[in-house]
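Order of writing sets the chain letters: A, B, C and D. Residues in each chain are counted from 1.
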Amino acid sequence: MANSKYEYVKAFEQPDVLLPNTWIVVRIDGRGFHKLTDRYAFKKPNDRRALDLMNAAAVEVMKDLPDLCIAYGVSDEYSFVFHPSCQLFERRNAKLVTTIVSTFTAHYIYQWGTHFPETPLESPYLPSFDGRAVVYPTARNLRDYMSWRQVDCHINNLYNTTFWTMVLQGGMSNTDAEQELKGTVSSDKNEILFKRFGINYNNEEEVYKKGSVLYRQVNSSLAGCNYQLEDAKAGSLESKAAADEESSSPMPDSKMSRSQQDKLKKLRRKAQVVVDHVDIIKDEFWERRPWILSGKPGTLPADA
Amino acid sequence: MANSKYEYVKAFEQPDVLLPNTWIVVRIDGRGFHKLTDRYAFKKPNDRRALDLMNAAAVEVMKDLPDLCIAYGVSDEYSFVFHPSCQLFERRNAKLVTTIVSTFTAHYIYQWGTHFPETPLESPYLPSFDGRAVVYPTARNLRDYMSWRQVDCHINNLYNTTFWTMVLQGGMSNTDAEQELKGTVSSDKNEILFKRFGINYNNEEEVYKKGSVLYRQVNSSLAGCNYQLEDAKAGSLESKAAADEESSSPMPDSKMSRSQQDKLKKLRRKAQVVVDHVDIIKDEFWERRPWILSGKPGTLPADA
Amino acid sequence: MANSKYEYVKAFEQPDVLLPNTWIVVRIDGRGFHKLTDRYAFKKPNDRRALDLMNAAAVEVMKDLPDLCIAYGVSDEYSFVFHPSCQLFERRNAKLVTTIVSTFTAHYIYQWGTHFPETPLESPYLPSFDGRAVVYPTARNLRDYMSWRQVDCHINNLYNTTFWTMVLQGGMSNTDAEQELKGTVSSDKNEILFKRFGINYNNEEEVYKKGSVLYRQVNSSLAGCNYQLEDAKAGSLESKAAADEESSSPMPDSKMSRSQQDKLKKLRRKAQVVVDHVDIIKDEFWERRPWILSGKPGTLPADA
Amino acid sequence: MANSKYEYVKAFEQPDVLLPNTWIVVRIDGRGFHKLTDRYAFKKPNDRRALDLMNAAAVEVMKDLPDLCIAYGVSDEYSFVFHPSCQLFERRNAKLVTTIVSTFTAHYIYQWGTHFPETPLESPYLPSFDGRAVVYPTARNLRDYMSWRQVDCHINNLYNTTFWTMVLQGGMSNTDAEQELKGTVSSDKNEILFKRFGINYNNEEEVYKKGSVLYRQVNSSLAGCNYQLEDAKAGSLESKAAADEESSSPMPDSKMSRSQQDKLKKLRRKAQVVVDHVDIIKDEFWERRPWILSGKPGTLPADA
């Protein structure tokens, strides 16, 4: 029985290759997590177990896909970033997005029991995530995207911290707290926390205030490699310019030999995935880790 | 701290709404399942536990998304079909595909232990799936797509059954078996199975030969509803024409009142999801279940 | 000097093939025709010379592209329709749209002097057109699109006829006429025309009330061909069903032999392009000319 | 008669906005110009009248669309470039492409008689053009695109010049000339021209060897504006870096006030469109005219 009679249906598949030489951001979001956090009794305003689980799943995604150069997570969302030179899956949109969503979901479900030993999952109420890809033409646009997410993290966390303190410590009803917070600015909320509850928002945990940033770093035993250290000198203007040049080179990977690319991929696999809770809006973070935007370590170990 | 400075990055998100009034097929595939089946020692040529797990996860997807009207699975792939009138997530491509991929993955991981009690999952070697959406303009195109997958199931299963019988029962090397099967047609393989091993391929299990088709059916206690029974009379030409007319009506759901749509959605939720292993190439399957292509039961319970 | 160094830029071209087996409508619109009609003193509410020029240009487009099966024009816009089986330019969106826009523009400029002998074009104030393609999955959707345009024609023409009669014959200011017409329905406008000016809107010219529909028809000397005649019998339900079946067949042209396709193309070229001003909303127009939706004549001359 | 019944068909129109902050290149090509050049007896290998007509039409397009920052033409093709900050028609793909194609076609037809007074156009054999848009993320990618076209111009012109000299002056048949040129490199062709025909390819006209580049330049009476002069100092590294910074700023125009944008648009309209035949591959062309890539003059006249 030949299949040729029906194979014409393949012609309906439309190509979805993402524009070359652009940053690819895949952002995933928890589906219906409002209900889910009720069912599994997540702590308010932040549940450290839930954030650790998000981060653990994201680390596995980073390890599984060495093409990823950075990721940023807050609450039930995570953004994964591919470098403009990325050729994974020929840059096919659906393939990239679904691979990340599925891998993330798999590890999230698998590790649930480790982080929530007392509230096991109950079918059919399983966590799941949706996702989408967006491309950004310049490093400036990418950094503004990352800043956008971190500012959002700050705004939401300050609000949630104040709201839940008013409710849980202040004994207010949800409605009253919501009503009082309507129209307030950051300084108002800081003041409520400090004056009424003696809480200095600045002393809250960094993971709540800054979210989580994931990137690769090689430990010191692999000498001769820019991945290795946060090098203060690497943050100079010269190296920044070099990084920019790299990132604006037309099609970096396509110009590398196959063996160079393989070497690079291996290095990325070996590199440790770091989970950090720091400011990614200012230049400092990026200047100290030029390899994130440049997409490659300065010196490959084999060359050293 | 206002976020307006960075919010311009939202303008880079491009709309991905699928063409209205078309059938949406979301096909998901196991990622790297060749390696995975080795690691977890799947049985050859077919592992019933693995297929049961696939089907169990697919049933949960069908239950979670009442807009789905049919699904078809074979090996490590599954196709889920939305009716042309579907408005779920405003028909956004990425949202539809990732929701299905993530929900499927979640249940697949969650139920793994039930189906493979002796080979627990080991991180990071977790199963995951990629997926994509394709739209088809006519019911004919959709049925040809479904036929394409089922013919593929047949071709692959006959090959695999013969190959693994030659290797496992016949003691041949993989290479020799592959070599001998090169260029053979169906009748050749049937003959090898029968003459050398006394196996009549027709007696193989239907789930292997036909794959699995999932659809909704209401049990008889909910009288007055076309979902209820496989009605032989419903398969007449008249009702088929009616179903066609429905399916070719411009925008069915948009013409229904909101309360009608809600009623319909509830009915879909109540309907049982059936797992069947039957021919979906011939007309009979579709004629006996006109509600699958028409997208609605003929008589809503409240009208009866 | 090899060009390979720069050829990577070709990778940025993204495919834009339109979904197979759908109706392709290319609608073009005059750019800034409000100003243009002032500059070249078009008559109000309708300038017959301008409509004749639009139609003449559209006829040339139909002749140039035998794949087009019907076109409909009103005011400074024209819609051109390709059959679902169309494979022209591999159905590439930009190629189809720009070819129609450019060919139309070329003939519009070229024939300007014939239709407007007393107001020659003056650079840089040349007429130009933009355009876009939209695909429709079913014949029902296509007919509803055509109906939408013809209803629009009616609504606009009744308004414009009333408005300009009030201004030109009634001596009202533009503002006063606009003000009085605000919120009126069709019957109000008919009454204004009839009671104040003795004009029966029904007696206005059909080209203004109905717009212009272009299609192919073979003259009687080419016997044995469905293109030939408006056959009353062809409008029966049987033949309509047959036509529908054709139009819903999966991929008609791909199933025809190359020589059959060539024969069909020749026939289309030979067929006369008719300019008609009739109702295309009701079934009658389509039932009498089943070849428009079926995409092929019933009997090819060579078969007769 | 309300139109609401059919208006649902508008939902089938799919958005086609081009990615923000990218260079938009619209390339148009003559349709079937091989036949056309035969019919109207274009001179070989180059017909100056035809190139002048192409350039004249392109200049009108540049004047009509002040958002265009540069254009490059060779043979029967022309590339028009919009700056990343361009917001014209909300960056809708079809609208941008068809507007350029139609405006170009209109002027090409209109001016035909001026450039080909002895071979008037004969319907239906009218010139027409197709076109498409491609976006490029970086100035480097854009310049490589432009280089690609100019290298192509060189390769084709050297071949055509040699081929037609061998045929027209050398009396060879087309086939023989083609045969002899197969596999030759540039130096071979240069040698054939020089040794056999005494032609030094370097002395050929620049318009044939380099193609035509169109850009804006303000004459000296509008002092205080970078558009004004080709300033050698402007080509220094500092100003280049400044230009780069501009071009990599996230969304330039959106940050300008409306009145600044209007001022800029006016300035662009006033600027003269220059037709040049120079190298655009090397840095010099771009360094001397930093406003082309920066998208704005350094000092607006009103500020001076």
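By definition in this document, contacts are C-beta pairs under 8 Å (C-beta built on N, C-alpha and C of every residue); 3 or more make two chains touch, one makes a residue touch a chain.
Owing to the predicted nature of the structure, the values given are computational and were not obtained by experimental measurement.
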{"item": "Between chain B and chain C, the fewest steps along chains that touch one another", "value": "1"}
{"item": "Common touching chains of chain B and chain A", "value": "C, D"}
{"item": "A-D or B-D - the one linked by more C-beta pairs in contact", "value": "A-D"}
{"item": "Separation of mean Cα positions, chain D and chain C [Å, integer]", "value": "32"}
{"item": "For chain B paired with chain D, centre-to-centre distance based on mean C-alpha positions, whole Å", "value": "51"}
{"item": "Whole-Å gap between the CA centroids of chain A and chain D", "value": "42"}
{"item": "Residues of chain C touching at least two other chains", "value": "8, 12, 14, 19-21, 135, 141, 144, 250"}
{"item": "Residues of chain D that touch chain B when the two form their complex", "value": "8, 11-12, 14-15, 17, 19-21, 250-251, 254"}
{"item": "Touch list for chain C against partner chain B, complex", "value": "19-22, 84, 135, 137-138, 140-141, 144, 248-250"}
{"item": "In the complex with chain C, residue positions of chain D that touch it", "value": "1, 3, 5-10, 12-14, 16, 28, 31, 60, 63-64, 93-95, 97-99, 101-103, 105-111, 121, 123-124, 126-136, 141, 144-145, 147-148, 151-152, 154-155, 186"}
